[in-house]
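Note that chain A is present in both complexes that follow, paired respectively with chain B and with chain C.
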Partner chain A sequence: MLRVDSYPTHEYEGMKLRPGHVLPFGATIVEGGVNFSISSSNATSCSLALFRRHEPEPYVVIPFNDGFRIGDVFAMIVYDLDYEDTEYGYIFDGPNDFTAGHWFDPTKILIDPYTKIISGRGVWGEGSQEDGELRPLRSRILQNDFDWQGDAPLETPFEDLVIYEMHVRGQTAHPSSGVKYPGTFAAVREKIPYLKDLGINAVELLPIYEFDEFENWRYSPDGSTKLMNYWGYSTVGFFAPKAGFAATGHLGMQADEFKTLVRDLHGNGLEVLLDVVFNHTAEGNENGPYISFRGIDNKTYYMLTPDGWYYNFSGTGNTLNCNNPVVRNMILDCLRYWASEYHIDGFRFDLASILGRDQTGAPMDSPPLLENLAFDPVLGKCKLIAEAWDAGGMYQVGTFPSWGRWCEWNGKYRDDVRRFLRGDPGMTWVTAQGMQGSPHIYDPRYRGNCASVNFITAHDGFTMMDLFTYNEKQNLANGEDNRDGSNDNYSWDCRVPGATEEETNALRRKMVKNALTILLTSLGVPMLLAGDEFGNSQRGNNNTYCQDNDISWLNWEDLERNRDIFEYAQKLIALRKSRRCLRSPSSDHGDTKNGYPPVSYHGVEPWKADMNGKMLGMMFCGDDDFVYVGMNMHWEGNDFGLPDLPGGFYWSMYVASDEAVTDKGDGAVYVTPRSTMIMTATKDPRP
Partner chain B sequence: MEFVRSAGEKAVITLKGKLDYATAGNLMDELRTLEGTGIKRIDFECADLEYISSAGIRAMVYSKQKISRNAPVDVYVHQACKMVQDVFTATGLKDYFTFVE
Partner chain C sequence: MNIEESHVEDVRIVKLTGKMDVIGSRTVQDALIPSISAGGKLIIDMTDCGYVASSGLRVLLIAAKQAALVGCRAVLSGVQPLVWDVIVMTGFEGVLATYPTQADAIAELG
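Presenting the complex of A and B:
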């Protein structure tokens, strides 16, 4: 079709131009050229700087004249661009008045907030130029097509998910991973058979938005290694996949490579959830660099005190002004983009409570951003998971505004279960609550049965093996004198007086299995930290944000060393998938057809739970479906009496964390000290 | 870049140097001339192909998907260097074409 508006109307220093389309924002390939569109509410002028790849200076800087602006949007089509060899940035001018919140500086070249790919960090850790300076981060133009081969988001029911939290680089960067392109999206593709074998059906990826691994980099205390921005909770470009996570990042093909990973994960039944960071940006505090937002429209994008300082509810120096309408729209555009263009199945929102603060930082009753996300049609089937707290003191676990759509990382579950596992007294009641989806904090009438994403460990904190190896964090390698990282770990080093090293290690392995037992039989949605399924250790470091080395990277040799733990996890996941009663129903059905409650608590005697003890039995029932989980966190063994079953059913042991756990055959099971076991009921085939 | 076309159901295209935005358009023009000719197989001779970009890959995908209206064309990639093969592997396209050493 011939368009009458697809030819140049203007020329500037040999560049052919015409007024552009204000929407979509960003750089979009159109017939004959590229449409550039960007907004600023407070700028007085804007120019587009075009660079040839890796060149230090722009070959042309094109001002947007008045005919190229509608409202606050600057839009222009530039014709005959070699989009693969082009980098671009924007130059804004306007008031520079700290107290008023304006930081315009026409000497700065800024990244497009809507850029789809970014250059400058195309290979992880290799950002240096010849003079030793880091390459500038610059926007690039993406040909945003992809052959999805019929793929679509999986829309797996939330209650059926078993989430696996993974760092893209850490998953395969270790030499033991045996992949062709370590540390990349392509390498995660190579591990898909492993993930399927484990049985998980969703991966939750730590930030894959473009970030700068060199942000605040420094040498380790012993000078042996660089401490990097490894986790990446510091976004440079919300719409851009991290180039350094792609084997093809140096070619600008990170979008293709990541889409291929998503497509192949979906093809193997695995959903893809992204850990997204909208609470702050990489521009830091008042001393931070100009990267993008600060120079485009500081007052719009950031929460500012009345005298112009940054509010710091994120703990990183700035706070994105999420409930400003412009920023709200950007976040919505961003998530829609990932859901539609990358087929992403859901999002976990880092420090999500910030998304519920107004422009002065005050908590809102009904935050428009959270409501928009809950009811957005493009995101209608996406999982929305909140980390329901922030660094400014808001803690909303159990009270995060949900509209029946949002669920939460359940930090209370984590702490309660940890304390029960190590044998703290008085933890049975809260553990029992946690194992039935935490109805004490998520009223099922309003939040359903899947409001709780259950986890015992996550990237932020001890690994499961370290949880039972260290009493205190071991973070000296971070170079902060062990001040960083949480002090409230509820961990235990498993050292028992008189025990040999071998006995101690055996106990640790058993405690990992105990934790897996509870996690993978709890109602709600379980999330497993990558590597916990084979006893990964971070040497006691509970805050590995800067450790791009074998402290963080999964050592795949542990898979063989701890094969028993892997097989145990595998078996638990298989049980969960095969037993409906272990997955949260979408509604409360009342008692089952045999008259049993869906969940019941027990002690060493059936139906007699001791809510102040260290022993707990949980029975999960569906129609003709019975699972009993016995947990003895006492230092002495004990018999656990099993609840009677309806006629025609009998108990059999499915798995135990200790081989010495014994089914005595008389309706009782001897559970050894600090052990767990699972019994399942099978229908007697005899007439 | 150099195109050598043989008659019949098979075309041979020799790629040299860089296949990127600047040259992919030429390849696309050449491929379009094959549309509707009954071509069933394309052989890309890549021994002297040093570099392939996103645009280059898209042109090759086009050759398989769009030249024949009836069925995908069989596309063979001969003697591709490691860099070229790596790009196809990392983007999941290695199995989409037949690579010949």
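Presenting the complex of A and C:
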């Protein structure tokens, strides 16, 4: 049936128009045309600039006349647009008064904050025009009608997740990856069989919102390569997938390509979590470019000092004004869009503490944005993971407002376990806490058993192999005289006096296995950094944000070189999946049916933990399910006595990080220096 | 976009020559979709179609859905490698059966 609003009411320079629908914001295909809607609380006028693809000048600039404005929203339908060949931008006018926080400039063409795809960086690293200038970033119109073929978000119980943190480009950009279109969503899709084989069941993707890889680009200190905005923690468009991550990005099909990846990951039982960056944008500080928000409504979108300067709680020049109601709604709209249109299963919020600051930057008790996200119906089944700190000094690990919904990257777990692993004394108690989901930080009565996302390594910091290869970060290649990156790494180069190079390397591999053992047997949700499963190295660089090269790309040849580490990781993940007692403690219900506590600590003698030593045994018990993890971080070997089991159960060794670990058969296991082992028991008769 | 129609016995062959951009796709959609009929057999020959935009993929997808709805056997033939890559990467590959050449498709449907 034809609709009345499929007919124009106005005309401007040959373009047929009609007052638009104010909602939804953004560019939406409607009968016969495209509905454009955008808001600004402080603008005096707005125009829509339409471009043919790749053309420098607009072919028409259409002002929104008064009849096209409701409240602060400018809305207009433009008919007969060839939407695939159209790029658009907005021009706003209004006060330009620094102290008052207004930056309106009618010479700037701005990206739509709600644009669903962006052109200008369609192929990674190729942004130049003929004159050498970078292509302008422009909004484009997306036909949102992907054929999901029955797919839906997986809603995997949180306690069952094994997360794999991955950079889309870094995963396959290296020539050794053996994929057809390296560095793309399509290439990750080719690697799904590998991910399944490893056993993980969720990928957490470093930022895939459109960003500009050329932001602050420069040559490396030795001039051999370009240092890029590789990680992409600097959003240009919150609703747009990164075109340069799509092999079809030059055709504008990045949304379809990413959705295809999500659909196939789901089809193989893998959830998709996105690392999202709502704390700041790519517009930088007072010297940064006009891209979008600054020219549309600076005072609304950014936290400003009373004198109009940008607050810098993000460490990157500006801070998004997350608890302004307009911005809050945009963030909510954005996450709803990704959850519904892309079937995303969950989000990890970069520097999430900023989301809990008010418009003056002060921390809030019950931040409305965080509460909105916790209770939003569209996000009702999404995982919400906070990086519970910011660059302005807030550190909320354990105290992030949660409403029983939010969980956290557990930075304390990372630091405590690293120190235990390298043999610092007195770390057994905190490690034991960490391995049971950190109840000393997250009271299970309020936070449940899965508030802790456990990790030992993440993109930000050393890889696991580097953690045991370097005492200090090696960041000279970043061109900042090794000042960037964390100095608190709790790492160890594994050099023991008198050891040969071969012995040192063997110890490093064993330490990686020790770390994997602890990570994958800890209660809570484990997160593995991509590549750690085969000993990937970044040559000691602990801040590879700008390294779009083989420093940060996974080298798949390591998979063969370090096959033993991969198989070890695989075995641990399989154990975690098969043993409920490692995933969901029944501590809420007291002891197990055999009278054992769900989690218990032990020393070299069962039930006698040494909370100041370097040796620890952890036993996890279900009703008919026992797992014992023995960890000897001392430089000498020791016998570990195993706890007695109920009748009919027998311990047997599941895996050990060192072949010389020996089950002595008399209820004790000899654990070699700096080694870990796992014993399991079921009711099966002793083999 | 040039569209050439022919028949080999009861098989209808629609040969597309040119670019399936927004304009080309609209032409294809108008020529193709209304005449997809119950019990029909249709080959969309893409041998001379070197570019398929997002709109073009959608027309192929809509053709497939329409064919499935009314009970018409529709297949593709001669899809060029680069076009095929785009079809695969954007998740359309399972939608229509594909044959290397028109003759292969006729042999299958005939």
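Here, the second predicted complex is superposed on the first by the 680 of 687 C-alpha atoms of A that agree within 3 Å, B and C clash if a C-alpha of one lies under 4 Å from a C-alpha of the other, contacts with A are read in each partner's own complex, and residues count from 1 in each chain.
What we mean here is this: contacts are C-beta pairs under 8 Å (C-beta built on N, C-alpha and C of every residue); 3 or more make two chains touch, one makes a residue touch a chain.
All of these numbers come straight from a predicted model, not from anything done at the bench.
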Open item on the list: Clash or fit: chain B against chain C, after overlaying the two structures on chain A?
Closed with: clash
Open item on the list: Between chain B and chain C, whom does A:Tyr12 touch in the aligned arrangement: first, second, both, or neither?
Closed with: neither
TODO: Kindly classify A:Phe214 by the partners it touches after superposition: chain B alone (first), chain C alone (second), both, or neither?
DONE: neither
- [ ] Identify the overlap between the chain B-contacting and the chain C-contacting residues of chain A.
- [x] 82-85, 143, 145, 147, 180-181, 184-186, 189, 246-248, 251-253, 256-257, 260, 263-264
Task: chain B residues touching chain A - in the complex, by the definition given at the top - done: 20-22, 53-55, 57-58, 61, 65, 86-87, 89-93
Task: Partner chain B, residues of chain A touching it in the complex - done: 82-85, 143, 145, 147, 180-181, 184-186, 189, 246-248, 251-253, 256-257, 260-261, 263-264
Task: Residues of chain C touching chain A in the complex - done: 21-23, 53-55, 57-58, 61, 85-86, 88-92, 94-95
- [ ] Over in the complex, which chain A residues touch chain C? Could you list them?
- [x] 82-85, 143, 145-147, 149, 180-181, 184-186, 189, 246-248, 251-253, 256-257, 259-260, 263-264
